[in-house]
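One structure follows; several queries about it will come next.
Chain naming follows the written order as A, B, C and D, and within any one chain the residues start at number 1.
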Amino acid sequence: MSVLDGKELRIVGFLCNWCSYGGADTAGVARATQPTDLRIIRVPCSGRVDPLFIIKALFNGADGVLVSGCHPRDCHYSSGNFYARRRLEVLKQFLPVLGIDDRRFAYTWVSASEGQRWQHVVTQFTKQIHDLGPAPRLEDAEPLLKVADMALTALRPLGTGQHAALDALKAAIRAKLPELECIIGWQQGRDAAHTVPLFMRTPEDVDKLVWGPFNVCNPAVYLPSFKGKKVGVVVKGCDSRSVVELLQENLIAREDVTVFSLPCEGTLDMARVDQELGRYTTIDNVAYDAAHVIITADGVAHSFCMADCAQGKCYGCATPSAVLADERLGTPVEVTPSDVTPPELALLDAMTLKERLSFWHGQMQRCLRCYACRNACPMCVCRDYCISDSRDPHWMTQEASAKEKLFFQTIHALHLAGRCTGCGECQRACPVGIPILALRQQIARAVAQLFDGYKPGLHPEDVPPLLGYEVVEQNIHERDWK
Amino acid sequence: MRIGVFICHCGSNIAGTVDCAKVAHIARAYPDVVYATDPMYTCAEPGQAAIEAAIHEYKLDGVVVASCSPRMHEPTFRRTVERAGLNRYMFEMANIREHVSWIGKDMEANTNKAAELVRLAVEKLRNNVPLTAKQFDVNKRVLVIGGGVAGIQAALDCADGGVPVVLVEREATIGGKMAKLDKTFPTVDCSACILGPKMVDVAQHPNITLYACAEVEDVSGYVGNFTVKIRKRATYVDWSKCTGCGACTEKCPSKKSPDAFNEFTGTTTAISIAFPQAIPKKAVINPQHCRQLTKGKCGVCAKVCPTGAINYDMQDEIVTEEVGSIVAATGYDLMDWSVYGEYGGGNYPDVITALQYERLMSASGPTGGHIVRPSDGREPKNIVFVQCVGSRDKSVGRPYCSGFCCMYTAKQAILTKDHIPDSQSFVFYMDIRAPGKMYDEFTRRAIEEYGTEYIRGRVSQIYPNGNGRLTVMGVDTLLGRQVEIQADLVVLAVGIEASKGSPQLAEKLRISYDSYGFFMESHVKLKPVETNTAGVFLAGVCQGAKDIPASVAQGSAAAAKVLALFAKHKLESDPQIAQVDMRRCVACGKCIRCCPFGAIKETEFRGEAKAQVVETVCQGCGLCTSTCPQGAIQLSHATDNQILAEVNALCQC
Amino acid sequence: MSTIRFVTPDGLSAFLDFLAQNGRRVLVPVEKPAVKRSVVFEPWSAGRPFTLEKATVPAKAAVLPQCETLLSYKKTKNADDPAAVTLTLDDAPEAVPTVVFACRPCDARGYAVLDRPFLQGPYVDPYYRARRELLTVITLSCARGCDTCFCHWTGGGPSSPEGSDILMTEIDDGYVLQSITPKGEELLAAAGLADGTERFPAAENARKKAWASLAPAPNLKMAPASIAACFTDMDFWQHWTERCLSCGACTFFCPTCYCFTITDEGEGMSPSGGRRLRSWDTCMSPLFTREASGHNPRMVKAQRMRNRVSHKYATFPENWGAFSCSGCGRCIGNCPVGLDIREIVLAAVQRGAESMHEKQEQ
Amino acid sequence: MNFAYYPGCSAKGSSSDYESSTQAVCRALDITLEEIPGWNCCGSTPAHAVDTELSAALCVRNLDIAARQGADLLLTPCPSCLSNLRAAARRMEKPAFRQRVNELLDAPAAETFPEVTSVMQGIARQIDRETLAARVQTSLKGLRLAAYYGCLMSRPSELMRFEDPENPLLMEGLLSACGAEMVDFPLKTACCGASFGIPERAMTARNSGRILELARRLGVDAVVTACPLCQMNLDLRQKQAGRACETSFHLPVLYFTQMLGLALGLKRNELGLNKLAVSANGLLEKMDNLRRADAVEGGRS
């Protein structure tokens, strides 16, 4: 279906049946003249409006999307619009990182008696969309590739962790071994410059445990698969936040999980390490000093300074020590949190909306939809039933377009809203290095701003913000329609 | 599928600005549409008959009607298609009147828009599936919360209809605000005389169980099957033994207990019976003022009680009642008028509320019906009534009209003259609102026969002028001049708000309430008694300001709703509810956390935890559907795929 | 004797210009800048930068796109009888003449693996065939091995010509191109490049050096039998797959994996019509084998990994006489948790040898 | 502590006693008032009734001087001046208005202005109740006083931000700290009618009379005010007011600074008490007697 050329733009409205749809009826009964662009989809409640419907519309040709529900407190279902308000506000703050002008999306409250207000809202919103003009399309944007600036300063000194109390940790694990199904940690991988997850069941397994800057994987990803079994996990500070978030969401039970921790001094960005090492046949040696890792490959020594080659997340890390641990070894390190913009997000912040659209078009082209990002995510709990490959609901096609691929990233990011601890496993797992973490970081930033600095995975008793609401939101304000 | 599309002209309402024939023509090209036409009036009997005929003739299995708002005629057409043998949910509506033809005159744009809305409806319909309602038993007992006149009326009507009633009253006696009134407008008949018999009926009715000094603690369940926990507050008197003889109240040495029934115009004893006609007529000890309970020394009442009913160790008790329906009739309280500093903020003893004035006039009140000044007990001569103190006043956050103050002020002015013939009453008013039967005539009497001086204007300040009187400064907007009156007594018509605790009760009942705490009816005009929670009805001022006749009427209306509900042996649940795809569900519990109705519970399915929807509790909001990340819980008739079909119909670039 | 040509690094652009003539699509490795750099094959156009590095993503999509339209259809209605619908259908394969430039021998051997099920079995896949027939493969031999590569375990090597039409070898001052097939020969002959016969010994020398850089390969002759013998030993598979995340990084980046799924999208009457799509799928996903009933024969990841390893090293060789693995090592390098198929295969071989030994003793 | 200070015109004329007592009290409380250089009339009352922009320009010029001096806070004793200065500063937040006013000035005004507040609030901000009580030399104990703020000090409330606009208690706080008994004076913010002293003489007399009448009924020894216009009206026109109420008053009407000055033991001529039309001699005498009695009492015990 086409819009009327030069006359109308494509504007989609989601209206709750009880208030706003009635308000639109009231406007009609009052013969309140309105622009003709808007097409209304009737939903039972604004709480029914999954933000993904809005993304779906905006990705596929909508120039504007309007959601309208009952005024706060007037919800036909008591609290549906309270949840909607949080989710839609997060969405609104998320859109710009995709390169979509957030003025193309609005949500508001119109009661069944407010015909005049409805007329005003429709008129204003339509005018706003016409002022913005037809929405630029991802597929039309000239691909743009830019690289994040990794010259960063960490909140704390980064090191190689060679003085960590590894032996004490091993002793603690051995002591607990009989009670636990297994304990997840790290072991050397294909060579001394790579580690892989380790599942310790025997004392011999414990001997294999390693600690240091190569321990990049987040072992929390395995915990939900052990649900109902007693299991241990060795964590870095960042990993512990995933454990806590899983606890917050009742995805694992506190009594089933024993957390072992050592303070982390930072981990290496293996992409940059591998890049520097190039094609090599053998690792001859890996040596450490307090601040450097020296890898000798095929007789050539490569030195990696932790301050220069750590993972992006390590620079802004304020939780080098686990936020929750049953067996805490070593001396916990206190770091004063600071609002550091992560490098991937800083890259996008510096771009115009148009550039961002181009950026994502350029980046997503090489995505193969292998879903390593999804499966490496400790908070992705749908696992076998991800909506990205289901037919009912049928959110996505198998088409290999940048749009579909970005839509998946948007699903992932929105599903992580208020839940993502920023562990960065999605991006680390991506074989083609797409900086998808930026999308999660933008959501996390929006959530922190909206919900008083809320950060997921710090307190097991916290309710994730999108699973709750306040009758009066301190930081969400109705935008005026003047 | 075989879909039939009907583009209604609605006379010229739609056809005036939409080319209906063209829309029908375009619709014929839509997928699965095998028939499209444009009748003149689809909702009229011939129009409905034509739909039925078309269903038979073209073997339609789905129907789209493009006409007015579905909020108007969706139920009508659902019945139509059902008559022709289709499932009622194999029907969709496109709103091309309120949302198209009535809001613009551009024929081209309107026709295009109408065609698109029809496309939307067709795409939705193609994803529809037949839904069937489930039946369940109904527990034919009703809970009435609040024993004011509205609750009494609802309880009596239900009980007379043969339904067992549980009546819960927060205070020690039923009767509510009406029991405190001296006389009632516009007939000036004695409030106690007309309410008293009804209260007695409540006490004596075999179908009514009354819990006074009790509050609803918790409500669970759903229409037809609610479980209600009621907290019976400790009264320290065993009511099964108390005969209401009053011996205890005579002998109680603690006589400075605040008298809530008399609106704190006087004091009472620590053990008291609210008023002589109280129902139940039982004594209650105020634990804050009882010497035995506060100091452990006294025990006079226990000594004098002839039946040994006094029990100082009594504790609160929780009783559980099972009911099928609930009527909320919790009434109102006065707003906190101390925000009006210019009226003394409650610091001048001779500035009182109208409800206090009722108690001063009442023969059962603290002065035995003599109007005297609280400060010095002298009879007032100049009495000023100030209207709209906390009504229609945005500056104190009360923009609404309290509805009945104009009338009772007229009544009080008349009664004042009856009590004190040489008195002069002044009424400062904004507008006189007297729309009821005999109401305007009544205010005219106050003005014309009783010489009450009505001054149209607000009072800017009231202050004690140093010689024992109050200076009332105001404006007469009709004469455009300032007015200053030396008053002996000032009576404020204090605005009302929902009774204390209304929002908390609303949350227990899972009904909505407005920002003033008044409960939200289902539809302002057409469903003023229903709430959005099936089986919960409203009566009286808890829903919004109204006077006694309106409260009584709504009490009866609520009872009629209950009786109609209970007339069915089985209830049908709306099939537009959420359903869990057990395979997709990973039991993360997010839906359980969000559900506003507690309609989702965790269950076990083949050894695995899963979410399960309690079909009778689910109200169909779909919040769970947009919460579930894997789309495992889908709201029937508004599934992701159905909404996506609509989105895709609009956005496919 | 094959045709031998020589091209200097500066001459590569002109050579690509030539390859791009006559509407040929030339897929060249292109570097994608990022903190984690990657190299992917993309259609070349004049002036576009390219690289000769080993690509992160193999050029499998040249014959088996990530997603292809098998057929598209449109429905039109009869104006007089809205119930009557006319269906038009287009199932012509999407194929354009394509040259893959500078893939590696492991990629090229991938084509040879894919050819077997798609072209040599009882049912020829017309879509694959259309693309394969129009494909010319110019392979750059590897100068050295690396830690994740193991082409020589699987019967290949840094200069294996299998699957290639032209083999290109880097020497000091440029590249020696050697035709392998008549198709390659024809193309090379027309390319207008300098003769490279004189430099061929230098190329051979470079290839030998590359071979010499490789660590000795284990003998995998017994792999099919050993892996088959392990098939029912779920403890074995569970042990080796414990850390697997069930993503598709191993299979989607594999030059020899060819699992796919077919889905229908769109709508005959919509402007873009209806499409039947074939897209990559991965046997690592539980969805791959989930049946309509909900039953899933490969419910757990150990079963799925068993399938992957068995397919590559046991059942495929049984059916086609060769491993379905060219040893490119991408599944190792790209795995988010460093799963190493070599370890599993070697462990199976050892397990097989032990159990055979035990049997013999019995 | 130093404050920028805007005295206003009346300080140099009709209310020079307010000015001198203000200066004296502040000195005694170690508050330095730095008069802004080259200030001009704020334009009250006539200017803003004629042209808001011109009248704002008058105020903005003063605000600009204070801003350029780097003041954080500007004090003024006069509620009229305060109201005008605050209103002008508020209006200047609107860019279009600012632009028009800037055109009227020699040079564009500073982007931000210091907050303007009353001397009374300035003192209260600086000196807490205990400190003030400790500084008292001659207690006001035994005196019954009515605090009269006038209509301007607290209105409009959202502009003036002076406590509860209907029932401010700041002055009561200061004077009760000095020992005085402050009556609940319901007309404390009622208009005395000063502005209409010439065109509507009868109304002014009625308004002032009502205030004075209530004060007399409440048995006060003096009415204490904070506004030059109110003081002049209630003091100078007390006879007219008496005539309107068919009575005669003799009620001293003092500035709160004068009352504070008495409590702080400042010299009476420094406080300008001699300028009052209704003599405060009776009040002073009563004070002296009370304090003498205290001394005797103290001597006995």
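We take it that a contact is a pair of C-beta atoms (placed from the backbone, for glycine too) under 8 Å apart; a residue touches a chain by one contact, two chains touch by 3 or more.
The structure displayed is predicted, hence computed values, not measured ones.
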Between B-D and A-B, the pair with more C-beta contacts
A-B
Which whole number of Å gives the spacing of the CA centres of chain A and chain D?
60
Chain A-chain B separation of Cα centroids, rounded to whole Å
44
Averaging over Cα atoms per chain, report the distance between chain B and chain D in Å.
52
In angstrom, rounded to a whole number, how far apart do the mean CA points of chain B and chain C lie?
70
Which chain A residues reach two or more other chains?
383
Pairwise, which chains touch?
A-B, A-C, B-C, B-D
Can you list the chain A residues touching chain B in their complex?
1, 4, 7-8, 10, 12, 17-18, 21-22, 24-25, 27-29, 31-36, 39-45, 47-51, 53, 56-57, 60-62, 73-80, 83, 87, 112-113, 119, 137, 249-251, 381-383, 385-387, 390, 392-395, 415, 463, 467-468
Mind listing the chain C positions that touch chain A in their complex?
32-38, 40, 54, 56-57, 65-67, 144-148, 213-215, 242-243, 245-249, 251-253, 261, 263, 265, 277, 279-280, 282, 285-287, 290, 330, 332-334, 336-340
Residue set of chain D touching chain B in the complex reads 164, 166-167, 186-187, 190, 214, 217-218
Chain A-facing residues of chain B, complex:
69-72, 95, 97-100, 102-106, 108-110, 112-113, 115-117, 119-120, 507, 510-515, 520, 524, 532, 576, 583-584, 586, 588-590, 593-594, 596-597, 619-623, 625-627, 629-632, 634-635, 638-641, 643-644, 646-653
In the complex, the residues of chain A that touch chain C are 145-148, 150, 189-191, 194-197, 199, 217, 221-222, 269, 271-272, 274-275, 279-283, 312, 343, 363, 366, 368-372, 374-376, 383-384, 389, 391, 397-400, 425, 428-435
